[in-house]
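Right, one structure below, let's go through it.
Order of writing sets the labels: A, B, C and D. Residues in every chain begin at 1.
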């Protein structure tokens, strides 16, 4: 009996803990858990929409209860099997890890929410389960490639951001002086004019506020053209960063080969 | 007589079947067929516009009939000549190929449509003829280059999409909390706020819904700036992918030459 | 007298004809002419604005007359000196060149316009003088670099355009089916829906027409995300093209050096 | 006493003057000064917003006075210690430097502003303090990398701008002819139509003016697609420029190493 239990624990640990899995990639059980997490995110999103939630309140609450039960069982199982991993000293050491604490927090927020404690901030806490996906994501290597390529150019990107900030301040100041008189609501102060500047420099262009004077439009034109350059610059920096990352990888492989 | 028919069939097969053509590129007959397909797509598009279709109903129906006749003759011709290609076992084997079935489906939808069976879904089926262009396109090699360059970075692009999805959820949640009270119609739930988030993160910026509170605009600014980064990232990944594809091609040519 | 005239002609030819100039770059006379052409373009643009033109009609007409006189003298001078260039057989051969015909056409449209012949199409003909700048532009080498880099990837760019065209047709068709009932004016036919599709796929996003149904917005989201990819693709192709053009140039220089 | 004063001056100079500092990076004192400059910029921005400034007038004026005092002390200190730097001939030579004059100008505009001299143009002068950040910025090296990469392709970028200018003129002219009749306010002259052209070519797309005729929309589609290309081109040029700059750097390092 004891031996059977330990054997089952060992096999379950190999399913739950990526470190103990022999095959590459994610185990079927972890795939299913990611699917349930994504499904529970969809539940949180849909529950905020009254026209969807109100008529199907029972269905949603039932599904939340089901997901809560699965998460609770998963949490208990992870606590039970964690000692199979030689790198984990004790169950208590595992339970204090940030990821295990996050799992517990998600379970607690779901439980209190189902018991009727509700508030705007509380609802957002339920979105924390999004972070649980990060733990298990099998995009890990590609994410590291992207992060290292971005990180290698962090100064260039920070300078781009600083230039963008300066341009934002300059264009908002210019429009404040030029359009402030004609449209005090939209351009009556630099913070107000900044809303327009952000929309223009990022080329989003909502169009809820636009300059109407001739000189204001001339400066708006300069801002819009600068905005195109501001988009081209990070694109260029990142393109070069990714290209260099691949080149370095190839050079390393060539050196190993020769 | 028999020999003449076979000779004509052999020459027609060389015109219709790119595999049997000796010269590079597309045969004049296939070029003409692509032209007719594109023209028939234009017909479908224009027929949905009542102000164009209603006054010229006879012209459009006549042209549809003409195109139907050409497609039917082309289909019959392809069935007749397909046995010239040694890789095609029998006429029945050819007729069961997806491309031949698509050709038949296009003819059937055109015929039933002309006989008066009409419905919104049915009309869309007529757009299937778009797929016929893919079969004959002479952009094939360039398309393969693009597809392989994109494919080589599918993980990086998928991670970009995952990051974009997470940012979409976060920004929609933030605006739902901050603007939901002031504008319940536009930001009263996360799915509603997502419409704004999509327009901002992609820098489309329709401007049909915009945040009006100060804090909402601060978060909108962060979303818009993140959106610029989200555009720069796939651009950088693709630029690096295309550059590497060309580099590999050149390296291979250098190796062959030396 | 004759010799002095010939000497003056030879010196004027060296000023007017870039082929005969010994120094690099543009001669001061040609720089001045480009300045006058750009100034005359500004005149054409401002003359279309009644609030600027009407109160200063005499000033504008006087300036147009002045520019006409300068262009006429320049044309006569070019005809007179062209025989200095050994590559030009005769004055008549020069006068039949497209660039000389363009110069003449510009003068004729200016003259008839000043004599009172006016029409919308005629006014646009006056913009032809824009083309005169191309002839003399000293951006020639950089323009060739750009043109050759773009040209080397013309198939990839054409495939991008073909993909964009197909996506335009698909998204317009989808929105026509999904939104046509709710907003017949904006989405009542595929050509009408295309206006929205163009604004979304290019991420321009005017916002004059937007989907209002839930399903329409889901498809609009897909269209907007696809639009970001459509912008990233040519950016990536061009980045790789420019990078390869520079690499080839460097390789060529390395080969020459070693 | 004298020796103690000189010693303090020498230590203060090492803190204030980056040339005299032995460690890499910015001294803690200069970091604090940059922080105060950024804080004073925030003050200027917020003071333009009456709903923030009016209820807290005393707080803002007090903070401005405090910042003024700090800037005045800093200016005096820099004048006092500048002679420690052997490259500076005299205090008077230092005071005539553009950066020292800028410091003085910032102090004068702050003082006069606090004494009640106020005007729109005067207020903008107070933004000059933004330039003070440039002097001390520790992004200097990354900024130089970006500036040199951009500078190496200045002709290509200038040609992009020239092409953009020509396209702007052409699309504005086309829309003026096609839409001028239907919407005289928005497209009644080329300068008016240019406002729409700028918003479309940069893909900002405010949507305050949009073409309504079928032919106008066809040309608008061409303009929007061209706009995507205009964004892709500088992005491609900059990507290639950054990539080459890194390649050159690596080649140089390889040469040094072998």
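Observations
As a convention for this text, contacts are C-beta pairs under 8 Å (C-beta built on N, C-alpha and C of every residue); 3 or more make two chains touch, one makes a residue touch a chain.
For clarity, every value in this text was computed on a predicted model and none was experimentally measured.
Considering every other chain in turn, the ones in contact with both subunit A and subunit C prove to be B, D. In a homomeric contact, the two copies may use the same or different surfaces; for subunit C and subunit D, under half of the interface residue numbers are shared, pointing to different surfaces. Between the Cα centres of subunit B and subunit D there is a gap of 43 Å.
Averaged Cα coordinates give subunit A a centre that lies 31 Å from the centre of subunit B. In subunit D, the residues that reach two or more other chains under the touch definition are 199, 203-207, 231, 235-237, 239-241, 243. Looking at the complex, you find that subunit D touches subunit B at residues 203-207, 235-236, 239, 243. Residues 155-156, 158-160, 162, 166, 169-170, 173, 176-177, 180, 188-192, 194, 199-200, 203-207, 210, 217, 220-221, 224-225, 227-229, 231-233, 235-237, 239-240, 243-244 of subunit A are the ones that touch subunit D when the two sit in their complex. Residues 41, 44-46, 48-50, 52, 120-121, 124, 127, 130, 137, 139, 141-143, 145-146, 164, 194-195, 198-199, 202-208, 230-231, 234-243, 245-246 of subunit A are the ones that touch subunit B when the two sit in their complex.
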